[in-house]
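In order of appearance the chains are A, B and C, and numbering begins at 1 in each one.
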Amino acid sequence: MGGAGGTDILWTLLAGAITIAIFSFIYRDNAAYKMAEHIAVGLSVGFLVVNYYYNVFKPKLWDNVLHNGQYDYLIPGILGLILFTRFVPKVGWLSRYAIAFYIGGFSGVSIPATLEARVLQQIEATLKPLVSLDPSRGLMANALSSLDATFLVAGTLACLIFFFFSVEHRGRVGKIAYFGRLCIMAGFGASFGFTVMARVSLLIGRVQFLTRDVVAAIGRLFGGG
Amino acid sequence: MDVIREILSRFQRLDRRVLYTLVLVAVTVPFYLNWPPVRISVSREVESAYQTIDAIPPHANPLLLSIDYDPASAAELTPMTTAVLRHCFAKGIRVLVISMQYSGQGAGIAAEVVPRIAAEYGREKDVDWAFLGFQPNPSVAILQMGESIRRTFPVDYYGKPTDKIPLMESVQNYEQIPCVLSLAGTAVGESWVTYAGSRYGLKVILGVTAVYTADIQPFYQSGQVVGVIGGLKGAAEYETRIGRPADGTNGMRSQKLVHYLIITFIALGNIAVWVTRKGEGR
Amino acid sequence: MKTQVPLLICAIVGGFMAVQYFIPAMVPAYDRINDYLQIVYAFSIVLGVASVVQRHGKRMGDRHKDWPYSLAAIASMVVMLLAGFIGGRDRGSLFQNLFTAVLLPVQATMFALLAFFLASAAFRAFRTRSLDATVLLIAAVIVMIGRLDDGASLGIPKLASWINNAPNLVSKRAILIGVGLGMASTALKVVLGIERSYLGSGRD
């Protein structure tokens, strides 16, 4: 944390105390945990408002209208204010104009981009040559490449067929869908393995902070320097 | 056999606080004992991320670093951020920092981490690095930056007009950006691929939490993402690559111990169920 | 007025934003609309803030049993607002220190608790009752060990890498394609006015 040495120690100790208050939830719900949680809610709301003001409202709305003479920026300003009519039931329907504006904008922009990035380019990447005949590589390397490419096409198709519920999964379709299901299970297994890593990493981060930074701060507080 | 069955049956009803204590001990002990030993080999995904960043000429167009995560993912992604910044600042690669994390907390993290690491290498604000702040909606902001970064960020995080920042003199839009590294705990990284990569051809490197590492594979295989740094292990690999072990590397011992602990829990839980069911004739 | 005009706005803005992807000449107008969208979106986030303040204010007014916590929430919000608007946001400011010393630890620690719950769930709930669950479990264990670069003599890191780059890749790709098609079709339905759930219940 930034600040002069003494205040730095106090901020670190405060962070340590807050960390332990949250950890106390493991034992049971308690006042310290609830208080820390609610203070964080308040701080996060204040943090958000301040940052939105300095990063969005002031440069894009306030400065453009008042200093740059771009009065068309009053349009989003008015639309944004209209959103608050949601709190008044009689005129709450006006907020739909603003909601429709940004829902329409975000939806429209996502149509071509999503189709290109998530569908077309993914399909293109799947349809690689099934037989690898690179003369600079050995027979084994080419064979493994070919197997990889075949698995890629077959596996992707099988997984897509598994998710296609308009056709009953029986007979040949059932067998292909079952292969797809096994691939999906392996994929979810990989995801679970990574999830374990992720969650443990979060705990490691906090323990690292307590055993290193907080202990050092306590040492400096009582040892001086 | 009945005794074993009885023990395993009681074992299934083990108090959860015993499990929690074991996990806490497994995380804490390695910090004091420097045990178990770990070996960190750099994966091809992290190597390609490193090579892409390393190829940026010093004191030229900047790496675009987008800190798109909030404190919930900080334990995994801050070590990555730190490692990449150290790589850049040590080599003289300029860094343009932004944030697309909607609540502004990514900007708060950037405001803390970037100046601290820059100061380690004596790098000058607005010349070697600049922090432009955050924009709330990634899809719109990423698209807008493709036309003009200054219009997307008229002022930097500290209120200085972007036009007056020396680093921004030669930077208009993505054409002057060699690549973007997005550090994200959510799907914001995919927004970079979808909007910046697909439409503007910008090279995208993703630093993601371990949870997303598996989900990002299709983008890496298709070439839409040129490098992936995944989780604390990815951070440790990058630290190894730059030759400066730090929080990522230090955390891997605890990671190893807890992994084996959880595998043991799963195995014992299944054995206990299997043995007790066998005893009940099922 | 209440339904037709919003649908028209949605269709015009959505249609414009979809078409501009292919027409470079539309860039200046599109750039402006992007700014407008950011501003309106920012207002919508602040709307959420107003809801939080309203909720906690009501708890205090009704003397709910947890009203002291609501008071703490409102008070800390006021402190943060004053710190940010008066003291600035530089490193070392009260605003930044409150973020780093309070907000960051709370959020980080809350998510760190998940490690404990995951360990408990792994012990109690992860059962190999079927072939599917067994495949999932074996893949998980191999990835967990392989990512630590352990078991090299047994080829586990290579196997973990293969699991990540083969079955995991194909399954995630299939999900990605399916979700991409779903997202695009839902977005198209919104723009065309077929999907109207964002307008609310319609009982206004």
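Methods note: a contact is a pair of C-beta atoms (placed from the backbone, for glycine too) under 8 Å apart; a residue touches a chain by one contact, two chains touch by 3 or more.
For clarity, every value in this text was computed on a predicted model and none was experimentally measured.
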Pairwise touch network: line, ring, star, complete, or other: complete
Best-connected chain pair, where connection means C-beta pairs in contact: A-C
Closest chain to the centre of mass proxy, which here is the mean CA position: A
Distance-maximising chain from chain B - centres being C-alpha averages: C
Approximate Å spacing (C-alpha centroids) for the pair chain A, chain C: 5
For chain B paired with chain C, centre-to-centre distance based on mean C-alpha positions, whole Å: 16
For chain A paired with chain B, centre-to-centre distance based on mean C-alpha positions, whole Å: 11
Shared-contact residues (touching 2 or more other chains) in chain A: 1-2, 26, 44, 47-48, 50-52, 54, 56, 60, 105-106, 109-110, 113-114, 117-118, 122, 125, 187, 190-191, 194-197, 200, 202-203, 205-206
Sites on chain C at which at least two other chains make contact: 21, 35, 37-38, 41-42, 45, 89-91, 96, 99-100, 103-108, 110-112, 115-116, 118, 122, 137, 141, 144, 147, 164, 168-169, 172-173, 176
Sites on chain B at which at least two other chains make contact: 20, 23-24, 27, 72-75, 103, 105, 108, 112, 116, 135-137, 140, 143, 157, 199, 213-215, 218, 221, 233, 255, 258-259, 262
Residue ranges of chain A touching chain C (in the complex, touch as defined): 1-3, 7, 11-12, 14-16, 18-19, 22-23, 25-26, 34-54, 56-57, 60-61, 64, 72-73, 75-77, 79-81, 83-84, 86-87, 89, 92-93, 96-115, 117-119, 122-123, 125-126, 148, 151-152, 155-156, 158-160, 162-163, 180-197, 199-200, 202-203, 205-206, 209
Chain B to chain A touching residues, read off their complex: 17, 20, 23-24, 27-28, 31-32, 72-76, 78, 103-105, 107-108, 112, 116, 133-137, 139-140, 143, 153-155, 157, 159, 190, 193-195, 197-199, 209-211, 213-215, 218, 221-224, 230-233, 247, 250-251, 254-255, 258-259, 262
Complex contact set, residues of chain C against chain B: 21, 27, 31, 34-35, 37-38, 41-42, 45, 89-91, 96, 99-100, 103-108, 110-112, 115-116, 118-120, 122-124, 126-128, 137, 141, 144-145, 147-150, 157, 161, 164-165, 168-169, 172-173, 176
Contact footprint of chain A on chain C as seen in their complex: 1-3, 5-7, 9-18, 21-22, 32-33, 35-47, 49-50, 52-54, 66, 69-70, 72-81, 83-85, 89-93, 95-116, 118, 122, 132-133, 135-144, 147, 160, 163-164, 166-181, 183-184, 186-188, 190-191, 198-200, 204
Of chain A, residues touching chain B in the complex: 1-2, 26-27, 44, 47-48, 50-52, 54-56, 58-60, 63, 105-106, 109-110, 113-114, 116-118, 121-122, 124-125, 187, 190-191, 194-198, 200-208, 211-212
